[in-house]
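Below are structures written as structure tokens.
Shared between the two complexes below is chain A, which has chain B as its partner in the first and chain C in the second.
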Partner chain A sequence: MPRLTIDGREIEVPAGTTVIQAAEKLGIFIPRYCYHPGLSIAGNCRICLVEVEKFPKLQIACNMPVADGMVVHTKSENAEDGRRAVLEFLLANHPLDCPVCDQSGECDLQNFYMNFGLYDPRFREQKNKKKKAVELGPHVMLDQERCILCSRCVRFTDEITKTGEFGIFNRGDRAELGLYPGEVLDNPYATNVVDICPVGALTERDFRFKARVWYLSSAPTVCNGCSQGCNIDLHFLPDRPHLNDGARVVRVKPRYNAEVNEWWLCDEGRFGFGWVDRGRLGAVRGPKTNGAEATWETALAAISEAISGASDGARVGVIASTQLTCEELFLVREIFRKSLGARVTASVPERPGSSDDFLVKADKTPNTRGATLLGLMGSDDAEAIVNDALAGELDVLWIFEHDAIDLFGEEKARKLPEKLRLLVFSGTNESATADLAHWVLPTAAYVEKDGTFVNHHGRLQRVGPAFPPFGDSREDWRVLMDLARMLDLPLEWRGPREVFRALAEAEAPFGDLTYDKIGSDGVAIAPAEEAAAP
Partner chain B sequence: MAVKVVRRPELTFWEKLYLPQIYCGLKITFRHFFKNLFLHLAHRVGRLKGHRAGVTVQYPEELRPLMSRFRSRHRLTQRDDGSPRCVGCMLCETVCPAKCITIVPGEHPDPHVEKFPVRFDINLGVCVYCGYCVEVCPEDAIRMDTGILDVAAYSRDAMKLDIHELMDPKLRKPVERCDLDFPHKCEVHGGDMKGSWPAPETP
Partner chain C sequence: MKLEELDGRAAEIIARYEYPKAAMLPLLWLVQENQGWISPEAETWVGKTLGVARSHVREVVTFYNMYHTAPVGRRELRVCTSLPCLLRGSGEVMRRIRDELGIEPGETTADGAVTLTEVECLCACEMSPMGQLDEAFTGPLDDGAMDTLLRTAREAPETSTPLPEPEPYISTDGPILSTRFKNVEGTWFDEYVADGGYRAAEKALKTMTPEEVIQEVTNANLRGLGGAGFPTGRKWSFVPKNSEKPVFLVANADEGEPGTFKDRYLMERDPHALIEGMIISAFAIGSHKGYVYIRGEYFRSAKRLQRAIDEAHAKGWLGKDVQGTGFDLDIVIHRGAGAYICGEETALLTSIEGGKGFPKLKPPFPAISGLFRCPTIVNNVESLCCVPFILRNGAERFAAIGTETQGGTRLFCVSGHVVRPGVYEASVSVTLRSLIEDAAGGVRNGKKLKAVIPGGISAKVLTADQIDVAMDFNALMEAGSMAGSGGVIVMDETTCMVEALDSASRFFADESCGQCSPCREGTGWIHRILKRVGAGNGRLEELDDLLAIAGDMEGKTICVFADAAAWPVQSYITKFRDEFEDFIRSGRAIGKREADACPA
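Moving on to the complex of A and B:
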């Protein structure tokens, strides 16, 4: 393996590695616009110039394979001068749009100018005028003036999605980015071009003018849109309710995870966060008794009374959801199945959505695999529980998250509240089932609570709370533990972290994992599932 | 901890006599009174102009001249066509240490302008008059040169200025007629432009 020296530090890397990758391993960042680790090498932006000893000229680090005994200087005066000159050329026709540009604050032109540019501009001529605010598709907006022609987006549509909508047309300073005639940028991964665009040429139409990026806070989590469990960063506005129509979540960005989604995210997941702020259940709703306000205390007292009042544990049914975290499913299992002997299942009639061979999975819930590992899938069936409830064999039925009308049909669902002594619905959003239930418990969205999901490939990943639960809603684990206390069940855990430790001790696949061991990338705990036959 | 004992100064015998102190105070008052009386009379007949007499400004009928750098109530400047110069970049909202500026940007019909403020409010009850918003503005769209100092209101809500009052400092609430010429329609005319308070109900 070749040994080379970068900025005075030696490293040994496999042959064929490029200088930029070798430097990355040493933690040395070399500026780049056109280079992207997920795409082929174009070498057209020239910003990654480095000085290599015994070479007459500066070399581009992204396309320079390492050689034995190579000595590279990334921060020498020569290299910085070269990069500064490249930046000056790139900015010659770049408009001074920064104040109104959505990219500003996370723009590499700004960053690199402030890092090593800082020259006095010498371009006194008229800048080229090109088209601004061109709608490329439902989610992406193009500003041709801001484009530096790095061709990352062109290569993305050529190599990753293989749809090839983008092209660079004309030559010289009249060269411009555009779509081929008749094309619309509407492939299911289209908005990734916004993430990889190093400047403000491609911006998100949905995010357009919603907020300045420096207003946003970020929290790492996992997408709950399907069982792939792509790693994401959730960007939200903690304090400026006048923006974004008062909603907290502003946008979702993919977070690199080599084992799950690499750098990418599908548009379905990217724009599927609206429910976190819209149509949420904000308060406990219950039967009107003596005009007293329904509160969590009265609700849990009434529910625990009804559960302990059931003549037999088997007359209590629970339809859990694969939207719940492993910890919550474990609590459901321990409380209802183990302690009460109730009928518990998470398997509901399947309704597969769209899928492809890249990231999108047909199972649109994030934790089906976790429920399987906990033995909550297939052991019983939600349909059977509902049928038994209608036959009068159940007293209490608790439905988590699911819309009963959608799953079991209008006719069956409408009869449920009459046949049961108590129908409890706990969920995040308003649904037709919520109107049927005797008690409605508002619960926290997955971005508001701590926990873990197991994805389609058997990878255990952590979701973390970005902000506190909406309104008066509470996390499912908190509700379940409060209920256990009301039912006089001894649970000594205080939060998801401790529940997870108990879960890991009880279930072999989870081994001796803790939250700290899972880390930000997750851990594979089960073999990848074979693609389920439709 | 060392304790420092501070003794209250006690009145001396001379001060305790009381009447001499009254005399001293009145001496100063009368000295100013007669000096100003004399100087003002002298100024009337055109004498002793070099000596300044005490001045009382008859506010609000009479205003003291303001320094050119004085920071008074804000205004939004206009383009030649009467639309706001503001491009909704929100730098003033970002820099504002009191967080009194509220901007909601919108899509401008002209792609070369990009944004415009759909809403631009300043809560004067919170503003600290630091002038950072003026300094940070890349478009010279906000200035503090109206010369308006008498910002007073009967309620906190009335201290909130919206884009109408900022564009036209002479306006006072409630705004019933909107003369502002935006590329978009004002809420008063049933358009998008929002104020910080609801538009008057049209019968």
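Moving on to the complex of A and C:
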């Protein structure tokens, strides 16, 4: 393996590594615009110029293969002057409309100017005029004047989606980014171009003028839009309800995970977060007794009483959801199936959604594989439980998350409350099923709680709370543990972290894992090829 | 006509190439020849035919400036206003054409007769000031020639009389490259063979190994005559032996450096010399497929070379089993479409591959991974044309004609303020003074010499007292300039250096491919400053800005275009600083009659 020196520090890297990659391994950041590790090398922006001994000219680090004995300087006067020059060229025709640019605050023209520029600008000419605020499609807005023509987006649509929408037309400083006239950028991964655009040329229409990025908080989590489990960062406004129509979630950005989604995210997932702030269940609803408002305490008391009152555990049914975390599914299993002998399943007759051979999976829930590992798939099924309930064989039915009308049809669903002593619905959002239930328990969105999901490929991944549960909603795990207490089934765990440890001890695939060991990248715990049971 | 009717022709064109996408430029030409312009429907058809996204077809259409993105007149009149033509009065020519046609560049006359296009150098500076009506070059455009041109331009192309053939001075007495230039209509197969043609190829193929050929060319001290001067034999030796991939030989006939007009004469008057040179070179590097990349404006060169290629095929010098030797070689002509940058060897390759003329990142170098990612050698037409002479007469003979570091002769192109602009073959040891004074008859109208660009517009300018320099690569480099493409642009004492630099900077701003940020932004920036200075709105301190911006562009880009754009700025301002300062101080402006006092 070649051994080279960068800024006086030695490193050995595999042959074929480029200088920019080797530097990164040493923690030395070389600025870049056109370079993106997920795309081919374009070498056009020239900002990554470094000095390589024995080379008369500065070299671009993104295309420079390492060689044994190579000596690289990224901070020499020569290299710094080269970067300064390149930056001044890049900014020459840039409109500098930062005050009205959504990229401001996360713009690499701003960042690199502060870190590598700081020159006195000499450009006094009329700047090139190009098109501004061009709607490329439902989600992406183009500003040709801000574009530095790095071609990342062109390469993304050529190499990743292979849809080829983008082109750079004309030449010289008349060159401009655009789509073929009349075309629309609406491929299923289109908005990734906003993420990879290093400047404010491509921005998100949904985010347009919503908030300055420095007001945003960020929390790492996993997308629950399908069983792929793409890693994401949730960007939210914790304390500025006057912005974004009061919604906390502002936008979602893909978070790099080599094993799951690399740098990318589908638009379906990206724009599938409206439910976190809209149509939420914010308060417990139940039969009014003595004019008192329903509370968590009255609800859980009534529910535990009904469960205890059932003549037989088998007259209690639970239709769990693969939207629940592994910890919650484990609690459902331990409390209802193990302790009470209730009928429990997470299998529901859900129609598969659209899918492709890249990231989008047909299973639109995040944790089917987790439910499978916990034995909650296929062992019973929701349809049978509902039919038995309608036949009068159940006293209590608890439906987690699912819309019974959607799954079982209007006719069956509407009969459920009459046939059951108690129909409980717990979920995050309003639904027709919620209106049928005797008790409605508002639960936390997964971005409001701790836990784990196992994706389609058998990878165990952490989710964590970005912000507290909405309104009076509570995390499912908390609800389940409270219920267990009221049922006199004391559980010694204090929270998801401990539930997980118990789960891991009980279920071999989870082995000796802990939250710390799972880390931010997740761990493969089951073979990738084994398809999750439907 | 319907585009689908072109499907058959398209299939034939695609079959010439290794990949369908490479047929991009020829298919666009096909469309334009049939429909007059490239419509959106045509872009869709080309994209579908080649399996390329429409966006990328449009990228190509808008990159090359010979493709029309809107309907044009029955005829197109291109008028050159680059430096060599500017020196000989293209400003006045353009003014008269605009006045008489009543349109601005980019517009079409109301009757749809003619579209006027202002173009950068067409590399016909021997006839400057010049223009091109459809395919025909015409010049020098004195009053009489202008009358004829303007009359013809309005005539229907089918029935109009051809423009008179320009008659500039062209060397015909050799010793190496111009011996058959007396054949104005072209030297065809029989005449070429009668003059000793194809004997060198026969010798190479039948009696020599590729290594021996490379050695012979190395011994001859032949250096690349496109501009860089890299030793040709050494370049050939970089091709990996026993490459599993096919090896390509590409002749660079994208003659584009302002002030250069030699390759056109080689292709039009002695095309078999190029073919023979390519046969020998291909044999030396183990190539069985050659491309000739001819600039789009050289319509006649492409036609004549194609005729010669067809002859060579018929006579068994191309195709399978050349002359029974078992060696195969096919040559395909690929026409450019109006982009100077395609003369840069890797941009040329990208252009053959069907893309915008973007230079490729190095490493890898073309000899390892070039055209279609296969080992590729790109040689200039003139270099290739020297090869038959070397094999026929021996490396020693060729080397002896030149200097210690460079063998042979060059076709020097002398333009600008000389008595007799033209092509002059001379040993590379000839001095710049001798070329100007002896060959080209000295500075015209009895004026004094002010400055000379010795190797095309990219070369640094030399002052009148620097012309006692030999014209070989090393000598000119030592003199602080470069031999480049051999284009000698002569400027007399009446030349306004601000105007000259403004013109040069417009050329680079127009022709930058726009790939690398320093070049894309720098060329435009410099041109805008110079335009402002030229309009009388400059400031003294901006001369230093110009020098600094030029310095910032140097050595930071994929190819050397940015450097070439920087050198004129640096050399003009440094060597003629007083004139620039005086221009700014006086508040004069380019092109105003009262500014005739420029230079002071």
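Points worth noting:
The rule is short, and it goes like this: the second predicted complex is superposed on the first by the 528 of 534 C-alpha atoms of A that agree within 3 Å, B and C clash if a C-alpha of one lies under 4 Å from a C-alpha of the other, contacts with A are read in each partner's own complex, and residues count from 1 in each chain.
Heads up, the rule we're going with is that contacts are C-beta pairs under 8 Å (C-beta built on N, C-alpha and C of every residue); 3 or more make two chains touch, one makes a residue touch a chain.
Small disclaimer: the values here were computed from a predicted structure and weren't measured.
Of the two partner chains, chain B is the only one touched by A:Asp97; chain C is not. Legend: residue contacts after superposition of the two complexes on their common chain; A:Arg208 is shown touching chain B, with no touch to chain C. In the superposition on chain A, contact is made by A:Ile168 with chain C only, not with chain B. Between chain B and chain C, C touches the greater number of residues of chain A.
By the touch criterion defined above, A:Leu142 reaches neither chain B nor chain C. In the superposition on chain A, A:Glu88 contacts chain C only, with no contact to chain B. Touching of chain A by both chain B and chain C, each in its own complex, is seen for no residue at all.
Interface residues of chain B, counted against chain A in their complex, comprise 87-91, 94, 102, 104-107, 111-112, 114-115, 119, 138-139.
Here chain A touches chain C in the complex through residues 41, 43-47, 49, 56-58, 60, 63, 65, 82, 85-86, 88-90, 92-93, 122-123, 125-126, 128, 148-149, 158, 163-175, 179-183, going by the rule given at the top.
Taken together, the chain A residues at the contact with chain B in this complex read 97, 99-100, 131-133, 208-209, 212, 214-215, 242-243.
The residues of chain C lying in touch with chain A in their complex are 40, 43, 52-56, 58-59, 62-63, 339, 356, 361, 363, 509-518, 520-525, 528-529, 532, 545, 548-549, 552-553, 555-558.
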